[in-house]
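Structures are listed in the sections that come next.
Two complexes follow with chain A in common, the first pairing it with chain B and the second with chain C.
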Partner chain A sequence: MIWRLKEVLRTISEDPSIEGVIIYRVDGVPIASNLKENRKILEHLYVLENQIKTLLSYIFNQNLDDTSIKIKELKVKLYPITKTLVLVALSNPSADFRVELEIKRIINELREILLNEF
Partner chain B sequence: MRVKTGVLGMDTLLGGGFRKNTVNVIVGAAGTGKTIFALQYLLKGVENDEKGIYISFEVDAKSLITLAESLGWRQLMKAMEDGRIVATRSKANMIDYINEDLLNFIEKNAEENTRIVIDSLTPLIAPIDFSQRNDLNWFFEQLKANGTTLVTIEERFTGSLSLPEVALPVFLADSVIYLKNIKYGEPFSRTIEIIKHRASWHAEGVYPYRILPGLGIVVECDIDFKPSDKKILEYINSLNIPEDLKEKLEFLAKQVEVTEKFIEKVVRIYDMEAKRSP
Partner chain C sequence: MNFKAVVYPRIDDKCVKYLSEKLNKLDFDPKFSFIFFSTNFYGKHNNVLKFLKDVIDFDSVCFFVEAFGDEKAIYSSGISLLLFDERVDIFKTGDGILEKELEKIAERLRGYDCALAVYPLLYFPSKIELLKGLARDKLYTTLYQATKRLIFARIHSEWLLRNRVVIPINRVLKILSKAGIPVGSVNIVPMEAKENTPLILHNFEPIGRNVLVLGFKNADIHFKDVFMKKGKSYEETLNVIKKQFAAKDFVNVKKAGVILAEIDGTSVKNYVKRLRLKEIEKGNFIEKLEKEGFKTVTPYGLAFINKETFGSASLGLLSTPLNLYISFFDLEEFFGEALVVGEVLAFDPADFVKFDVSPERKKIFFVDHSALFEYRGEVYRIYEWLSENQKNFFLVFTSCPSAFVKSGENFLSENGRNIYYNGSGTTILLELRDSEKR
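After this line comes the complex of A and B, so read on.
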């Protein structure tokens, strides 16, 4: 299942405006990821890991469709996939609406993989 | 030679299984499947004609047989009945007493290739503090001398792995496997993670698992653990690099799959450092 999730993540992470995509579990554990080789992302990931549990519980408790934060010049958008899994997309300012649509498309694909293979 | 865990999918994540004569810790909260893991380990031993020793401080042999029956493991039940697996409920309740009855029991029953299970070690070491590290280390060394051991450790409901009764066995063990269940019944609610595996490659990240009648724990390990292609070895051999570096890269390529790009990166870093050295 993980390699199938990674394949789906790879399709979105190939976009030049996307720095990386990660699927997190509700307790903050990363399940699958596809990150570009950019050392600067690392320091943002450290910040994200400290914040992720709070953000996830906010999304699930408030029943939000998505939410976003900014870490320096990086935009971090969180999209719930299931009750316990969320897709986090790290994008730079050049990301446009098409990337957002593409992310919403792959959320459906991820849901199908997770629910059918389980 | 590796000792197979008996858990489907686990040996792939461990690079073949446990190393012989090691102490391997399974950490997890209540209900994550630690005892089932331990029984699968013993069942594999029965299939390989290896002796098994099961030690608990809370559960007796009768309860074990009931659990084995619920999972459909008749072979395990039979092995417990005919002595190929010896089970005991020990009364030792402080780590100071372990060098008496407990170790005598193990030494008396161990043979070559014995599989030892202590399920769980927590009641014995619950009052431990970090100053007793040497005592626990000594105990682990005695276990290694008698066979390949699986020790289960209970994770407190607080989820803290930093308490001495969890942290000490984790520091001292040869491998540590962490079972987690966030109890939502969704994919990835149950995950397994290898925190450490001394002197061996192991998979990184978390992997989902399920507990199924008949099969027990099944880990979804969709990784293909294999050494590098022969072409990579030929490529390394063709490089104009010092012999000691060549030897190390060949050893690496025979253990895990690496690409030419990765080899180039390593050689570049090596050259950069060699230029900087006086």
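After this line comes the complex of A and C, so read on.
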């Protein structure tokens, strides 16, 4: 089923202001991703791993809708998909409303796949 | 009357193949189609348009919108086709005086259940014409500032109207209302304007600076806004605006026709600087129109109060190189004082679509696109509310939807007897009826 999740991630990754999207498990383990080949992003991701784990625990324990952090030219936004999975979107901070709308759209698609097929 | 939506939510090479398959599998013969491209499709749309022109042999109206949505999601990229099973008659203004052309159409609308006008509210012309317009702005600004006589602003306004650079909502609705049927108005201003936009096509031919009026049978038009109700007097409405919006200043304005000449004794260009909006000069303005697009949405507006109904309409305040600022509605009907207001974020985005209508009927919501700018991802609550409370819906996000309807509601946006428009916060609903059940 992972390939179906990856296919949904691919549709949003084509947006020029999206640098990458990753689905994380609540314990911080990534299960599917689509990242643009950008060395800076990978460096940030390495540093972000621990912060993301902390944010994940906030989202699930405090029932937050979503949360975001900004590092220079990168905005990292975390959206819960189910009670155990979260979507992390890495985007250009100046990205317009389209990115947020598209993320909402793919979260619904991901939920449908996860609820029906897992 | 019924419609089927075909949506392709991306901009890529597979679009034509997908549309072709869907059109071949239709189980009815469409008689009319709306074609909506997302605005980020602009410039890449020619292939798809050429394909559609070759295969579609029924009437169509095509334009660019910021986003659209069906029962599955809201999409900000791609194309959607709404294929109708009944005929929709389309009238187009000619090259004569616009008011007279609209009068002729209003005469022909009798006998229809409702109508929908589609037109460019503000037209952004080619670079050469734009330079001419800027030169005229400079000339009349100089004359106005030297004499302080509004006649010069009025002459400039009349030139803009004659050349259809602006087609004011209130003038269009006032004339079309003579038909005595509900009239919706879909006035197109792109969120990011480029030269020679907005592009509206009738049967794949650009309409330029004309008005299309669609005559519907078995359909209704409804209107709503998301604001508090208007007051019964000037003072009451002023208080409503102060409560509803983040009011900044109460100002005196000098205006004529569609021209706002001064705010508190200074040009709009200078006043906008005080709002800390980034200044834009002539060269930069033209470059933006030629390349990435000039943003037409702003968090600041000037809320006017209508002399006849005590309703209110707000005009967005943008940084432009113009000294004589252009309004998208005729300012003559409004008092000479206004409130500078900020954007509203207090209400629920779902309020845009909470109409008291049957969930079963097919319906198309035209929602003000500034909601996308104000709420970004939160605008999805519109979709969530519709999914829980309605069936058979389609959403279109476009600029300042407005209407002539006998609603009996005291909407803040009532600016003329039964004429409703505003710079933000409005929705019109085209509700289709089942022809057998009439």
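To be clear about the criterion, the second predicted complex is superposed on the first by the 118 of 118 C-alpha atoms of A that agree within 3 Å, B and C clash if a C-alpha of one lies under 4 Å from a C-alpha of the other, contacts with A are read in each partner's own complex, and residues count from 1 in each chain.
By definition in this document, a residue touches a chain if its C-beta (ideal position, glycine included) is under 8 Å from a C-beta of that chain, and two chains touch if they have at least 3 such contacts.
If you're wondering where the values come from, they're calculated on a predicted model, not measured in any experiment.
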Fit-or-clash call for chain B and chain C when the two complexes are aligned on chain A: fit
Touched partner set for A:F97, first chain B, second chain C, both or neither: second
First, second, both or neither for A:I69, with chain B first and chain C second: neither
Broader residue contact with chain A after superposition on the shared chain, chain B or chain C: B
Which superposed partner A:E14 touches (first chain B, second chain C, both, neither): second
Centroid geometry (CA): angle chain B/chain A/chain C, rounded to a multiple of 10 degrees: 150
Which of chain B and chain C A:R105 touches, first, second, both or neither: second
Shortest CA-CA distance between chain B and chain C [superposed frame, angstrom]: 21
Common ground on chain A, meaning residues reached by chain C in one complex and by chain B in the other: none
Footprint of chain B on chain A - complex, ascending: 1-4, 25-27, 29-32, 82-85, 114-115, 117-118
Residue numbers on chain B that touch chain A, as the complex places them: 180, 182, 184, 186-189, 191, 205-208, 220, 222-223
Chain A residues within the chain C interface of the complex: 11, 14-15, 97-98, 100-105, 108-109
Interfacial residue positions of chain C with respect to chain A in the complex: 9-10, 12, 40, 67, 72-77, 372-373, 376-377, 379-380
